[in-house]
Every structure is written in C-alpha cells, then in structure tokens.
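Same chain, two partners: subunit A is paired with subunit B first, then with subunit C.
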Partner chain A sequence: MKQVVVHPERCVGCMQCMLACATSHSKSLSLFAATRETPQPKPRIHVGAGRFNEGFPNRCRHCDPAPCQSACLAGAIYRRANTGTVLINPDRCINCASCAMACPYGVIRFHEDPLGPAGHSIAVKCDNCSSRVANGLIPACVETCKSGALTYEEMDAAMRRKNRAVARSMSLDAASSAMPTGVALLKTVRQSELQLQTSALRSQGGDNA
Partner chain B sequence: MKHVIVGNGIAGVHAAEAIRAIDENAQITMIGDETLLYSRPMISYVLDGSQSHKKLPIRSERFYEDLQIVPLLGNRASRVDVVQRHVAFADGTQVAYDRLLIATGADPRPLKAEGMHLGNIFYLRTENHVKQLVAALDDGFRHALVLGGGLVGFKAAYGLLKRGLSVTMLIGSGYPLSMQVDKTAGRMILDELLEHGLNVEVGVNVSAFEGNGTVRQAVTDAGRRLPCEIVVIGKGVIPARSIIPRRRIDVDLGVLVDGHLQTCEPGVFAAGDVAEMVDIARGVRWVNAIWPEAAAQGRVAGFNMAGRPVVYPGSLSRNVMRVFTLDVLTVGIANPPEKAPFRIVQRGGPSFGYYRRLVFKGDKLVGAVLINRIEQGGVLRSLIENRVPIRLPQEALLAPGFNFIQLLP
Partner chain C sequence: MLDQNKELTVTQDGSRLYEKAKMDGIETVWERHEAQQPQCGFCDMGLSCRICIMGPCRVDPFGEGPQAGVCGADADIIVARNLCRMVAAGAASHSDHGRDLVEVLAGVADGTAIGYQIRDEEKLKRVAQEYGLAIDGKSTLGLAGELAQAMMEDYGMRQKAIKLVSRAPEKRRAIWEKFNLTPRGIDRETSEMMHRTHMGVDNNWQTLLLQAMRNALSDGWGGSMIATEVSDILFGVPTPRPTTVNAGVLKKDQVNIVVHGHNPVVSEMVSKACLTEDLVALAKKKGAEGINLVGVCCTGNELLMRRGIAMAGNHLMTELILSTGAVDMMIVDYQCIMPSVGKVAGCYHTKMISTSDKAQFPHMEHKEFHPDNAEQKAVEVVREAVENFANRGDVLVPVAPQKAVGGFSVETIIGALGGTPEPLVEAIKAGKIRGAVGIVGCNNPKIKHDYGHVTLTRKLIENDILVVDTGCVSVANAKAGFKLPEAADMAGPGLQEICNALGIPPVLHMGSCVDNVRILVLVSALANALGVDISDLPVAGSAPEWYSEKAVTIGTYFVASGVTTHLGPMPPITGSMNVVSLLTDGLKDVVGATFAVQPDPEKAAHFLRQTIEEKRKALGLDVRTVG
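After this line comes the complex of A and B, so read on.
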C-alpha cells in the first residue's frame, strides 16, 4: 500500500508543500482564493529548520500504536483500518491539547478549520489527504514537491531505490552521489556554520555537561 | 485463560482491549463501581460549560458485548484472595481469575471537618459528582469556595469562574499547581485567575462547615467565617487499595509494580491511578495519577497479562490545560534541588506573553514548564521519557525562533 515517504536530505526548505496542503484543505481549493478565506486554511505539514538550518518536512507519521489516540481525552482520534490513517474527529475534539502533549514529533496544531465546527479551535493534523486519494489523486504535498523530498510509494520501493543509490555512490565509478551534489554542498556549509555557532556559544556560556 | 479486571476506567478498558487484540478466546471479566465508561478528565469541561454531559462516554454501549467481556458493574469488589485466586464481593459472590488487573483508580482524599453532611459540599472525581454540582449551579448559587490549589481544585475554581460564580480558592502554597509549575509560571497563572475575578487565600484551613441543610459558610482554623453556598474539595486523591491483601501484595502509596506492571504476586498486575512505579524524571517510585499514564499503563498491563512481556519504562507526570488566555504544559520535575547535577534554563515570563523553563539533570532533560506556544510540547515530553542526551547547547532550546525539529534524531 502506498504511503507518503519523507526523504529529508532532499528538502530545500521551499515550503511549497505547506501551501499545497493548506490549499487542499480549504473550501475553495485554489491557493489564491484560499488566502482570502475565513478561517484561513492552515498546513498540516510543517517545514522547520533542521539541525543545519536546512529544511525538514515534519508531518504526522500515523504511528501504530498512535500516542495521540491513546492520550485523547474525548475519544476523538481513531484509525481508518483500510489505510492505517490516524484521524481526528472534529466534532468530538474538545481542544484540550492532550494529543499535542503525546505527539513525539510536534505535528499537531490548534485552530479553527474550514472543514471543522465554525467558531471553535480544534486539533488539526495530517489526514493523509484521504479525500484526494479517494478521488484518485495523490497527497497534495507529494504532488507539489519538486526536489523529491516527499514521495508517494510503497515503503519497499522507496527502500530499494535508496539502497541502490547508496550502493552506486560507493562503487568504483563514484560519479553519481546518493543525493544531489548541490544539496549535499549546502548541508556541509550549514553544518560548518552550526559547529562554529555552537563552539562560540559554548565558550561564552560555559560547559553544559 | 480467565482475566479479571477490577476497574473500568481507561486503564481497565485499554487492558481489556489489549488482551482481546492478542487473544480472541480469553475470558475477560470487568468489575467496576461506575456503570458508565467515560473520560474522567472531561468532567472539568462539563463543569466549565464547554462540553455537554452527553459527550462523556468514550466507548459505545456495545463495548462489552463487542469484545465479549462480562461486565459486573455498579458495585465495588470487597477483597482479593490471592491464594484462592478470586475476587470477592460483599454479598459473597466470587469471581475466579488466572490473571488479575487491579485498576481501581483513586478516591478523593476525604476532608476532616465538621458539617460535611451539609448539602452542596462536593468532591470532583466522578461524572456523578459533576452532575450534582452542575445541578446545584442551576439552583442559582453564587458564592463558591474551593479547597485546594492542585489539579482538581484548580480546575474546579476555573470551571466555576467560567460559569460566572464568585470563587474563593484556598491554597497551601503561594501559587496554584505548586506540584506542576515553578514560582514564575505559578505567578503568571495566578495573575490570570485574579484578573478574571478569582479570590485566593494562602495557608487557610477549614475545620468546619455551617448551614441549614445546605452549606452557608466555612469556618477556618483561626475562627473566621467564609460565606459560601457551594464547596468543592480538591485535596488530592488516594489510590483505592482497600481490596488488596497487604500481607501478600506490597503497597506503599499505591500498589507497587515492576517493569511489567506486575505486583509482587505473580499473575496480579496493577495499572492506572492505583499503581506506583518508577518515575522516569524523578528516578524514584511515584504515583502519577493522570489520564495518559492510566491509558498507556492499562495497555501494557493487558499485553503482559495475555502473555506478551512488554516492558513499561516508568511513569512521567505531565499536564496540559488552557486557562483563559494562557496555555500551560508541564512535564516532569518543575522544581528540582538547586544544585548539580540539576541545571535550569528559562526564558520569558509575565511581561513576555510566554514562558519556558527547562530542567536538566546532567545532559538529560527531566522537566519542562511551558506557558503558551505549547503545540510542540510533546517533543520535549518524548525527550524526557526516552532519556535522550541533549547534544545542543541547553540555552539554544530557548531561543524564540528555535525549532524543536532540531532535537529530532
């Protein structure tokens, strides 16, 4: 069964996935019109700054078992059996934030949602674009990602591709690298910057050990 | 295999579901003194008026039938016989077990005072309590007195304030939630409540209630009289241990369990508010009587009962709540000893609109207090629970633009 697979090394931090996600969860389904909606649709995928200030697409992993589901006070979180998608029922959610306290990835947000009860903030997270998939489309974040950081495939297929790419990059004819050279260079530069920052902070603030 | 679960709170329910998920042939009996399967923390939301009582149930009426569980509801079990391996009721009924789960929860600590028989004096633990309390509010009472500034007292005071009552809260420490938050956060929370009309008195104890049928005033140790028409007592909870044979099963504050949630008696397990086990942040045995712990412990206890030896790493205190314009999230130790290996970093405060306090023990996070911007608090909780060594500079975690993603491995 296909699922959204994240390849964080390919993320360039463009945040188009966030726009596509919000748009696909709007009433108008158009980016231009969605920016004018009230309440404004918000993304369920969050591109944050990773350790080297590179982009990192942070989305719900639809964990099994799901800590959010276990912690939910109102019994509002459930799993759709056929896809394994973990969903929040907007009509049962009481906005208590117990799910956010349980989520080890910090992917849940609280706001009024265009497709939820009017005038009430509720817990919102990735729903695996269930309606799009049901209509034969792929998840919006994957459709829009240009760098290949988000793909929609069977996990086996994704692992096979990555194994092959790593193997090739280690072969005698190492002309191909496991990730685009531009991205690799960017990460090296950022990592050096971070190491410089860290040692500066350490020499100011004393040892934390 | 005969599984008997004493208690039908979330620990018992999750245990039953875990057993049934592994073993479709197991016999499961659930004993509970309450007949409804509901979310206990949600009663605070019923009290403050934001949720209807009808939303309390968290399983369908067909729960027992669908999972082929035999329900024995409406009465408390009276004792457990670990030699004969049965649970006995006062009327002599016995239920035999191969595996037993004690998930009896905790009861409100009773207040020692005169006049407790008067009407409109409430504890706040069950859906029945909140039903009676809300009914009393409908009678038009205006002045409420809340005893205790812990989780229950706090939520009672907040709920009554939201309902428009005039509320006086009597607390022991200088600020409410003193077990969960530090002085700075406590001050911010207290100020928020004071701004919304709460009256607070520190260090005042009530020794008696007076009234004519229903309560009219409380009498303090010093002899002062505080007028009140509704009283809510939130002075903590005590694990419900009365059925446990103390000479056979070790009990401290709660029932002592190991890493598999098993008591010292083989085949007898405990989970939820009644259980006592290692606290991950504190490093010592503790009772963390909170919903997410009961939910997680029940599930693991169920797996162990059904023969799958899942390890539970220990409990962890945590709470999240919305208090008017503040969101508060707490995990682990808020007030450590102020010496090595503990180290505290903090940022923000009363005039900043947010607050962050992180407590480190060596290179590991053992506590966090967050006011506002709490959405990613779960990342911090996960770091504490998994005892992850933090390799970034500790102060870096507090920078306003800091993205918690940098902590993910």
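After this line comes the complex of A and C, so read on.
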C-alpha cells in the first residue's frame, strides 16, 4: 500500500505543502478562493524549522497502535480498515485535546474547519487526502513538493531506495555527499551563520558570568 | 507527460507542428509548463519577497504562518512592491528599446549609423515641432540630431515633464497633475520605482501603486512612444499592405530566414540584405528559388507594418516554427526570445544568431550588430543563411499561408477617414460602431494558444465593436482570417457597413507591442474630436493571454490613461485584497478606469461590451442591452 514518505534531508522549507494541504481541505479547492472562505481552511501538514533552520515537513504518522486513538474517550478517532489511515469523526469530537496530549509528534490542531460542524472547534489532522486518493489523485502535499521531500510510494520501495543510496555512499571512492553542491553550500553557510550566533551568545553569557 | 486530451492551441499549424515536435523529441514550452505544476502559491499570490536577504520571506495566506516579512512588510506592502517591480521592468524593457532607436537617430545625424537614413522627413518635422524645435532653415540631418538630443533629455532628469504627454487630452493631463502622475523622465521614474521598493523606503501600498502608474506612463507616453515615432522616422510610417501569415509562409524551395525579437534596428538591415542581388544570385546557385524573410514576434510585426513581410507566428509558435526543419537561420535581438530556442534549433540544421550586445542565449552564435556595422553584419549573416540551405533535412510546412492586411498607423487610419477622425466619431455617435477595443499582448501556456485572442475578437466584432490589435494578438487574429476586407462579413451589421464603405477589415493591425502607443494617440485624437477625456470614450483594452512584465506596464499605462483594461490571466496580486480592490475598483476614482480579470474570453467580451455601453450612456448616446 502506498503512503506518504518524508525525506527530511530534501526539504527546502518552501511551505508549498502547507498551502496545497489547506487548499485541498477547503470547500472551493482553489488557492485564491480558499483564502477567502469562512472558516478558513488550515493545513494538516506543518513545516517546522530544525536546529539549523532547515525545513521539516511534519505530518501525522498514522501510528498503529495510535496513541491519539487510545486517548480519545469520545470515540471520535478511528482507523479505516483498508488504508490504515487514522481519521477523526468531526461530529463525535468533543474538542477535549486528549489526543493532542497523547500525540508524540504535535500534528493535531484545534479550530473550526470548513469540513467540520459550523461554529465549533474540533481536532483536525492529516487524513492522507482520502477523498483525493479515492478520486485517483495523490495526496496534495506530495503533488506540490518540487524537491522530493515528500513522496507517495510503498514504504518498502522507499526503504530499498534509501538502502541502495546508503550502501553506495559507503563505497570508498564515493563522493562524500549525494546532495547537490548548491544545496550543500547553502546548508553549510546557514549552519555557520547560526553557529556564529549561538557561540556569540555563549561567549556573551560567559562574560557576564 | 501532457494530458493527451488537452488541446494546446486553436491553430491548425500549431497543432500539426506540435505533433511534429513531439515526434522529433523536442521539449516545448507546454511540457516545461506542465513540469512546473503546481506552481508556487506564494509567488502566484504575490506573497513571496526576495527583495532583501534578511529574507527570502513569505506571508501565509491562510493566516497560520508568518503574516509579515522579516522587515515587517505585510501582505499589502509585499504584493504592491512585487507588482511595482514588474511595472519597472516592463517600462525599462520597452523604453530601452526606444533608447536604441534614439541612438540610431543620433547616428544617422552624425553619419555613424551607416545604411540607416531618414525615410520620413515629414514625420521628423512633425515630431520635432512637438518637441518645441524650430524646423525652418534646418537640414534634415541637423534636425534629426537635435530631435535625438531632445529625446535623450526625456530619458533624464532636467525637465518637469516628458515632452509627448502634450499629446494627451487636456482633461487627462489635469488628472495626472492632480495626482502627481505626470512622468518627469523616462529613466527617472523606473529608477525611482526601484528605489521606492528597496527595503525601508516607500511602505504605503497606495503611494507605491501611484508611482507604478507614473512609471508606466513614462513608458507609454515616453520610451515606447519614442520607439514608435523614431522607427517611423527611420523606416517609414506604416501604410496598409497585403501580407501572409502562419507557418505556411515558410517556403520549401527558398532560403528561409526568420527574424525574432522586437527592435527594427536589426531586422530592417536584415530585410535590406535579403534583397542584395549577389545574395539572391548565391541562393539560386545553391538551388533555392530565392531568399524568404519572415518574422515571428514583434520585430516581425515591425517589418509587416512597413514592408508587408510575412509573419510565421507569435510567442508560443516560436519553438514550433523551428520544428518545421525549414528555417535556415533565425536571427534574434531581444525580449520574449525563450532561452530554449537554441536547443530546439539544435535538432535541425537551423543556424541561430544573436545580435544584441544586451541579449545572449544558449546554443546561439553571437554576432553583435551596432548602428555602425549593422548593414555589413546583416549581409554577412544572410550569406551564412544562404550557405546553410544545402544542409536542410526533411521539411514539414503544414498549412497554406493565410492572407491578411496590416499596417494601420494612426496616420493611415485618419487618412482613410479623409484626414479627420470625424467620420469615426460620427459612426460611433450613430451607434453603427458601438466603440473600440484594443486587444494586445502575448501568449501564455496557461491559456489555450490564441483561443483568448480569437474568441474575444470574434465576439466583439460580431457586436459592432471595432478591434485594433498589436503584438502577438495581431498574428492570432490575422491567422483567424479577421484581417481581410472580406472579414467584414463576420462583423455585426453596423461595423460591416462602415468597413465596406472604407474598404477596411473589422480588425486593424496597429503594429508591435511598443506600437500600443499608437492606440494612445488614436484615443487622444477621438477624445479631442469629442471634447472629452479618454476615460469618457466607449473604448477599452484587453490582454487575454498576457504573460510578460511589459504587458503589466502596458496595462497600467492604458488604465492610467483612462482606458479600462481586461486581463486574461490573473496578475500575482491576490495575496492582498486591498491591492485587488484598488486595481479593480478604487482606481475609478483616481484615473476613471480600472483593471478587470477574466480568463474566459466569452465572459470578457460580455464585460467589455457592458463597459462600452455604459460609456455610451454617460455620453448620452443610444444604449444596447448586453444579454
């Protein structure tokens, strides 16, 4: 079964997946019109910044067993049998946030949603774009990702690919990094900028102490 | 990769050549457009900013993420700054094209522009008078030199207003004065626009957009207008002449040379070289029947307007024309030349020559043309093209050429009316012609090739609206057969009657994209004849398939001049509803005209007809209900 696989080293932090996610969970399904909807649709995928400000697309892992599901006393959270997708029934959610406290990844949000009951906040998270997939499309975040940080494939296939890349990088004459030079350069510069900032802070702190 | 059921073009030559290109393994603009999908939503909404490197920044339109750039600029400021920079780039492009012509004019005066000459002395005198120059007792070359100097002043900062704004109706000029929109210098306004959009300068989105209008006006009534007027002086005022259009203008048995780009400075010399007797003889010796010069894009329009030279296609046809395998050489100058064409040509025997010191391209041979060597360089490259004829492989010329008439300068139109705009005014007053729409601009793979142009034009002439066109639109409309006097049959009864009486087509080809200024001059003449402002006239503008920064500038100087203008594709402004509502509504209270966006040409026709009927009503003329 295909699923969304995250390749963090490829994320350039453009946040396109967030826009695409919010749009595909809107009523109008078009970016511009979606920004004019009330309530406003919100993304289910969240790009966070790493220690070196590198992007990281954070989304629901659809864990099994799912801590959120175990924590949901209202019984709103369930698993779709054929796809394994963990879903929230908006009509049963009591907005208690137990699921959020249980979630190890911080990918559940609470707000009024165009696809939920009117005038009432509910827990919202990634639904694996179930309705898009049912229509033969791939998840919106994957479709929009231009750097290959998000792919839609069999997990085993993704792991085989990664295994091959790791193995090749272990060869003695292999280039040290499979990363394109420009991307690597930018990462290095960003890291050193940040290191300068933090070491400056440290030395300041040291002086004060 | 492309959806097989998706029709990319309404043109027959386009779809056949696309099939050929696909078979030949050529990647075209459509595949690259597909590969870019989905395109960046932040950029599409104007919400990304790369102006400084505290950024790059973007504002989240859904309100979850950042709502301001690092500097603190909110969505309104970021959207406005981005749009302003598009206007500045467009104005810079057209006005720099104008600058090159002024340099040739100066070169003719001092004898350094070899092979160029003053072809229209009358126009030289007319324009010189408008610049306040005394013409009596001066030699032609002396006057040309003085005019070139005066035009150079227009580019600078030594005057309060550029000279040719004097052509605008008095009421229009008063509006510009009132809102501080009168352009002072051509380069000055572009420079100021770039200055104001630097981080930490103008952060009022309204005043930014006002400067964008002044910047656009500095092009419309300045740089572009100079480009057109000097081209007329150097190469002649266009007059109607028969021509042919579409890929069928390429000849299997002749050396085919295609000029691509914008400035007549190069293409005029190439056209002269193609007539050289020994080169024609050489072509015959090589087994060709002769040398066939054709154009794509606006430098082709320049030649078509003045020499009746055929047009092979518009923007989205430029790659496909090469896939005929029939092009022995393509000579380019600048603007709208996709960097891909050199690679496409690599699949055939076609030689690619770049000519401008400011524009180089991958997989092209660079042979720089300057005013002092252009005549000789042109002969050199045409000779190479002739030599290349022998290297041709298989050729596909997919259709027979379509006949058309082009060359409608303002001088010609007024001339055809008997020396005064009065008969046109009368026809509008009587309601036979409801009004006029200038359809201008580009192609864009976001819209089915030429569908927007042809559909809109057909709907408008059917409803008795006279259409004038320029640039890529003019090629689309000529291919659709709208540019023959017989096409009057496609027009509504009133327009048909007028066209038949004057022997003109219902769609008039007014030139290249700098020649949009001819439309400004024409509407000014109409407004003056009626004693009203341009914004009172039953006229409108439209760019159904626009893509370029130049088009943003043209649209902006149309609107700032009082012409309500429709755009097919949405400009990148939807990130700020304040900017959207100012441009589509609020500007009415400033300049008496607005923008409207509508990708569907049928609906756009409806909107434009309504706009025209509303203007008629305000003028006290008869009104039709637009169903």
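Please note the rule applied: the second predicted complex is superposed on the first by the 181 of 209 C-alpha atoms of A that agree within 3 Å, B and C clash if a C-alpha of one lies under 4 Å from a C-alpha of the other, contacts with A are read in each partner's own complex, and residues count from 1 in each chain.
As a convention for this text, contacts are C-beta pairs under 8 Å (C-beta built on N, C-alpha and C of every residue); 3 or more make two chains touch, one makes a residue touch a chain.
Worth saying up front: this structure is predicted, and the values here are computed from it rather than measured.
Asker: Following the superposition defined at the top, how do subunit B and subunit C come out on subunit A, clash or fit?
Answerer: Verdict on subunit A: subunit B and subunit C fit.
Asker: Would you sort A:Gly106 into first (subunit B), second (subunit C), both or neither based on which partner it touches?
Answerer: first
Asker: Of the partners subunit B and subunit C, which touch A:Leu73 in the superposed model: first, second, both, neither?
Answerer: First partner only, subunit B.
Asker: Of the two partner chains, subunit B (first) and subunit C (second), which one does A:Arg51 touch, if any: first, second, both, or neither?
Answerer: In the superposed model, A:Arg51 contacts subunit B only, not subunit C.
Asker: Considering only touches as defined above, state whether A:Pro43 meets subunit B (first), subunit C (second), both or neither.
Answerer: Once the two structures are laid over each other on A, A:Pro43 reaches subunit C alone.
Asker: Is A:Glu143 touching anything from subunit B or subunit C once the two structures are fitted on A? First, second, both or neither.
Answerer: After superposition on chain A, A:Glu143 lies in contact with subunit C alone.
Asker: Answer with first, second, both or neither: which of subunit B and subunit C does A:Gln16 touch in the superposed model?
Answerer: The second partner, subunit C, only.
Asker: Comparing subunit B against subunit C, which has contacts with more of the residues in subunit A?
Answerer: So, of the two partners, B touches more residues of subunit A.
Asker: Could you say whether A:Cys96 touches subunit B, subunit C, both of them, or neither, answering first, second, both or neither?
Answerer: First partner only, subunit B.
Asker: For the superposed model, what is the least distance in angstrom between any CA atom of subunit B and any CA atom of subunit C?
Answerer: 11
Asker: I'd like to check the shared interface: which positions of subunit A are touched by both subunit B and subunit C across the two complexes?
Answerer: Shared contact residues on subunit A: none.
Asker: In the complex formed with subunit A, which residues of subunit C make contact?
Answerer: Residues in contact with subunit A: 38, 40-42, 44-45, 58, 60-65, 570, 574, 577.
Asker: For the complex, which residues does subunit B have touching subunit A?
Answerer: 14, 39, 41-42, 45, 50-51, 55, 58-59, 291-292, 295-296, 299, 318-322, 327, 329, 331, 343, 360, 362-363, 374-379, 381-382, 392-396, 401, 403-406, 408
Asker: Looking at the complex, which residues from subunit A come into contact with subunit B?
Answerer: My answer: residues 48-51, 56, 58, 65, 67, 70-71, 73-75, 92, 94-98, 100-106, 108-110, 198, 201-202, 205, 208-209.
Asker: Which bits of subunit A are touching subunit C when the two form their complex?
Answerer: Spelled out, the residues of subunit A in touch with subunit C are 14-16, 18-20, 22-23, 31-32, 34-36, 40-43, 143-144.
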